[in-house]
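In the two complexes that follow, subunit A is the common piece, with subunit B as its partner first and subunit C second.
Here is the complex of A and B:
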C-alpha cells in the first residue's frame, strides 16, 4: 500500500508540475491574448477593457490557481478563435482519438505476441530471420509514411477503402470503425515490429534460466514450458514497453489523423497552433500529458502487482 | 577460427554511409536546380534524365530528395547536439552529486518525459513559430530528458567505481572527475543512444514538416515533400515513395549500426 500511495503522490506532483510548466509557457512567452482576440487594429481602450474582463491584470499565481481550479472542475476555458468553450470543441473529438489509440494498441498485441512467441521458439530458422529483417525495416518507417503507403496500397490500388472518406461515429458506427482500421494499422505496424523484437529477445533470455531446465526435467513438454513459465516472465517488460508505447500512439495519432483526413484531436491542435488559439492548445496538451502520466502510473502499479519480486523489493 | 561477420554492422554501415555520401554529394553537385519549374515535365515519369521522375511543378524529384535529406540531416544533427549536450550536462550533475539537485531536476525531467517529444516540439513551435531553427530548438529541448536519464543512470553506476575513488583521493575536482574520468566511460552506452536519438530526430522532423509546422518553404524537407506528394498520390505515386524511402534508408542504417555497437 505504501508503494501505491507513493506512486499516486508522485503522479499528482508530476501532473501539477506539468500543468504549471504549460501555463507558464503559454502565459509568459506569447503576445497579448487580448490583442490575439481583438486583432492589432483594436483601440487601446477596448484592449484594456478586455484585459480587465479576461483577468489578465491579476498576478500570475492567482491566474494559475484560477485556471487550474476551473480546469479540474471541467471548465477548460474559452477558445479565442471559435465562438465556443474548449470543452465543447474537444468533446466530440476525444472519442475519435481514443478509438484510434485503443485499436492500435489491440493490433500491436494481436500482431506481436504470436510473432514474438513464434520467432523465439524457432530461433535461427528461416522465418525467424525473415521476420527479423522485415521488422528492422518496418521499425524505420515513420507512422505517417506507413499511412501514405497504406493509402496507396489498400486505398488506391486494392480499393478496400476510400481515402479521405471519413465517416463520423455518430452517423454510422460500423463504417467509422471500418475507416479507423487502416489509420490504426499505420500506427500499430512500426510499434508491433519493436514489440516482436523485444518479446523475442526476452523469451530467448528467459529460456536460458535454470527454472526452465527444471521445468523440462520434470517432464513438461515444450509448449507447456513456453506458455506457462517463459511467456509469463517475458511479458513483464512488454507491459512496461506497451505503457510507454501508449505515449507514442497518442503522438502518432496526431500525425496519422492528417494522413487519413480524420477530424480528431490532432487536427484541432494543429489549427489552434496556426491560429495561436492558446486556450485550446493548452487544454489539449495538458489533457494528453495527463492521460500519458496516468497511464504510465497505472502500468507501474500493474507491473508491481504482476511481479512479486518488485513487491518484495519495495517492502525491503 | 572463422571470424563471424556482423551483418548488422555491415548492412548498417553500407546504408548509413551510402545515405551520408548521397547527402554529401548533394552539397556540392546537384543534377538540376531544385526550384526550377518546368511546365512540360509535370508528373514526368521515371527516366534516365529524371531517375525519380518529376513533381507537380515539373521539378526533379531526385534533386529535391537530395536537398530535402540534407535539411533533415541538419535538423537531426542539431537536435541531437542540443539534446545530448544539455542531457549529458544535466545527467552528469544529477547523477554525480545526487541530493536535492537530483530530486528537483529529475522531477522536472520526469514531467518533461511525460510529453511525447513531438507534442513538446509542437508547444515550442506554437510559441516561437515554425522554421528550421525553431524546429531544431524545439526537438532539441524535447530530446533532453531521454539523454539526461541515460547519462544519469551511467553516472550513478560509475561514481561508485574504484577509478573514481582513486581520482578523488588524488585530489581531482568534481568537474574534472565528471567530464575527464567518468564521461569517456559512458561512451559505450552513449554511442547507441545518440544513434537512436538521431533516428528519432529524423522521424520527428519528418513528422513535423509533414504537418506543415516544421521546415518552411523554400527549404525542401523530406516530410514536406511527402505532404505535397500525398495530394497527387493518384497521379504520381512515385513522388511519395522516394522521399519516404530516403527517410527509411537513413533510419534503418543508423538503427542497424546502433544494434551492432550496443
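Here is the complex of A and C:
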C-alpha cells in the first residue's frame, strides 16, 4: 500500500514538472496569441489591449500559478481561438484518441505474442524466415506511411472502409470502432514487428538457460517447455517494452489522425500550437502526460506481479 | 536394470565428425552407486545426458545400446523416452542457482513430474511434493513450497532439485557434479542425503564428478574416463589402492594430500611487506525508498600481515566475507574502515573464472599490454617485449600473444590471467579461488606456477580457497574466516592437526581431508 502511495506521489510530481516545463516552453518560443487572434495587420494599441485583457502581461510565475490553481479546480480555461472552454473542446476528443491507442495496443499484443511464440518454436523454419523478413521491412515503415498504404490498399483498392468517412462514437459506436480499426492497425504494425522480433530472440535466449534442460529432464515436450517455462520468463522484457511503446503509440496517433481524417486531439493539438492557443495545448499535453505516466505505473505494477524477484524487493 | 553397451557419441557440427564418447559400457543394478570420474571433455557428462535422453541434437549420432529394464532407449521415440524422464530416470545438475525456473514457485516445480506422469489430484500432488521436500531434508517444507528459487541458498536449491528428481521415486538418479558449486559443509550434507536416499528408497545413483576423493566417499564402483574412453573401472577402494592405468595414477597423485610431515618454511627473517589493520566493511541494503535501509556488516575488523614470499591461505564458506576482503585489498571496494599499509598500491588479482575474466574480443597480447598502456611512457616495442617476457614467465609460448581467449584452454587462460595480474609489477598477489574452476591435473600445474613465481619474484600471495587440500599443500600460513571474522590462524600443520576453534574442526570434518 505504501508502495502504491509512493508511486502516486511520484506521478503527481512528474505531472507538475511536465506542466511547468510546457508552460515555460511557450513563454520562451516566439509567437503571440494576440497576434494569432487579431492578425498581423492589427494596430499595436488593439494588440496591447488584447494582451492586457488576456492577462499575458502578468509575470510568468503569476500566470503559471493562476493556470495551475484553476487546473486543479478542474477549470481548464478558455480557448483563445475556439469560442468555447477547453474542457468542452477536449471532452469529446480525448476518448477518440484513447480508444485508438488502446486498440493499437491490443492489436500489438494479439499479433505479436502468437507470432513471437510461433517463430521461436519453429526457429529456422520457412515461415519463421518469412515472418522475420517481413518484420524487418514493416519495422522500418513509420506509422503515418503505414496509414497511407493501408488507406490505399484497404480503403481505395479493396474498399473495406471509406477513407475520410469517420463516424462519431456518439452517433454509432459500432461504426466508430469499425472505422478506428485501420488507423489503429497503421500504428500497431511497425510496433508489432518489433515486438515479434524481441519476443522471438528473448525466447531463443531463454531456451539456452539451465532450467530449460531441467524441464526437459522431467519429461516435458518442447511445447510444454516453451509455454510452461520459457514464455513467462521471456515476456518480462516484453512488458517493459510495451510500456514504453505506449508513449510512442500516443505520439503516433496524433499523426495518424491526420492521415485518416479523425477529429481526435491530434488535430486540435496541431492547430492550437500554430495559433498559440496555450490553454488548449497545456491541457492536451498534461492529459497525455498523465495517460503515459499512469500506463507506465501500471506496467511497473504488472511486472512486479509477474516477476517474483522484484516482488520480494518491494516487500522488503 | 541398466545396461549400456558400446555407446558411441559423435558430433557432426564441424566438417570432420568428432567423437566424444567411445565404446562406453556400464551396467547398474537396483540400489547401485556408481561414480564416473574424469576431467572436462572426458565424455562423462555426455554419457549421462545420453542416458537421460537429453542429447537430442540433430547434428549428433549415437550408436550402441542403452537398455533400461529391457527397453532400448537410444532408438525409442522421444515420446516413449518422455514417459521415463522424471519418472524412472531423473537427473540433478551442477548449477543449482540456474537450474530452477526463476518465476515459478518451488512447489510448482517439484510437482511438475507428478503432473506429467501421474493423474494425482491437486491435493495429492501437494502431499507428495511436501513428502519429497521433507525427504530432501529441507526445514519448513510448507514454507519452501510457496517460495521462489531466488529466496533460497545454493544448498537449499540443490535440495529442491533433489526433491523434484525423486518425487516420482525414480529407479535411477543421475547426479552430474551436484556438489561442485557448493561449500564443503553443504557438499558433505548433500553426499549424506544421496547416501540416505540410496539406502531408503533403493534409488540407484550415477554420480558424475571430477573429484576422485568425493567419489570415494560416496560410491562403491567407479568408472574413470579420459578423452571419451573408459580407461579403468572397478571397486573404488581397489582403484585407489592399486590403480592400473597411468592416467588413473596421475589423477590420484594430483589429489593434494594432507601429509603431517609437510615441511614448513620459516619467514621470521623475511621483511613484512603488507599489513591490514582492523578492516571493516558492510553493504547497505539499498536504502532510500522506505527511509531506513538495514545495512549488513560483512567484515568485522580483519587484521593480518604478509611477509615477502609468503603464501597466506584464507578459508571460509560462501558469504563469510572472503571476496569482499579481496575486493578491498585490490582497491575495487573503497568504502571500508581500517588501514592498509605496505605495498597496498602494488596488489594484483587473479579471479576464479578464467573464462569470464578476459575480454573475448581482444587478443591475449592486447590484454596483457593494457596495464602498460594505461601507465604510459613505455614505447610500443618495449611493451611488446615485456608482454613476451611475461608469457614466458607464466609458461606460455610467444605465439599465444596473437590468439584470442576462446582459442585457449582453461589452464592457458588462467596463466594469461596470472600474467595480467603481474603486468603492473605487484608485490602482493590476491588469488580468489584461482584454481577452483580447473581440472585437478591443470590445477596442479597452476599451483606449481604460483610457487615458481613466488620463488622467482618474492611475491606474497593471499590464496583464497574453499579447497582445504589445496590450501594445505601450498600455503605457509592459513586463516580461517567465519561471518566476517578470522576465527583461527596458524601454520597449516597447526590448523589441520592442532586446531582449537570448533568451526575449523567442522570445516575439516566436512571436507574429509583428514581421511
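Quick notes on this structure:
Assume the second predicted complex is superposed on the first by the 265 of 316 C-alpha atoms of A that agree within 3 Å, B and C clash if a C-alpha of one lies under 4 Å from a C-alpha of the other, contacts with A are read in each partner's own complex, and residues count from 1 in each chain.
What we mean here is this: a contact is a pair of C-beta atoms (placed from the backbone, for glycine too) under 8 Å apart; a residue touches a chain by one contact, two chains touch by 3 or more.
A quick note: this is a predicted structure, and the numbers were derived from the prediction, not measured.
Of the two partner chains, subunit C is the only one touched by A:2; subunit B is not. Residue contacts after overlaying the shared chain place A:174 against neither subunit B nor subunit C.
Of the two partner chains placed around the shared chain by superposition, subunit C is the only one that A:216 touches, whereas subunit B remains out of contact. In the overlay built on the shared chain, the residue A:74 is in contact with neither subunit B nor subunit C.
Of the two partner chains, neither subunit B nor subunit C is touched by A:59.
In the superposed model, A:308 lies in contact with subunit C only, and not with subunit B.
By the touch criterion defined above, A:229 reaches subunit C but does not reach subunit B. Once the two complexes are overlaid on the shared chain, A:140 sits against subunit B while remaining clear of subunit C.
Between subunit B and subunit C, B contacts the larger number of subunit A residues. On subunit A, the surface touched by subunit B in one complex and the surface touched by subunit C in the other have no residue in common. Residue ranges of subunit B in contact with subunit A, taken from their complex: 107-108, 110-112, 114-119, 122-123, 125-128, 199, 203, 206-207, 210-213, 226-227, 229-230, 233-234, 237, 240-241, 244, 247-249, 251-252, 255-256.
Contacts from subunit C toward subunit A in the complex involve residues 52, 54, 78-79, 82-87, 90-91, 93, 95, 98-105, 112-113, 116-117, 148, 150-151, 161, 164, 285, 289-290. On the subunit A side of its complex with subunit C, the touching residues are 2, 6, 209-211, 213-221, 224, 229, 232-233, 236, 306-309, 312, 316.
Chain contact summary for the complex, subunit A toward subunit B: residues 13-14, 17-18, 21-22, 25-26, 29-30, 136-137, 139-145, 148-149, 151-152, 156, 163, 247-248, 250-251, 254-255, 258-259, 269-270, 273-274, 276, 278, 281, 285, 288-289, 292-293, 296.
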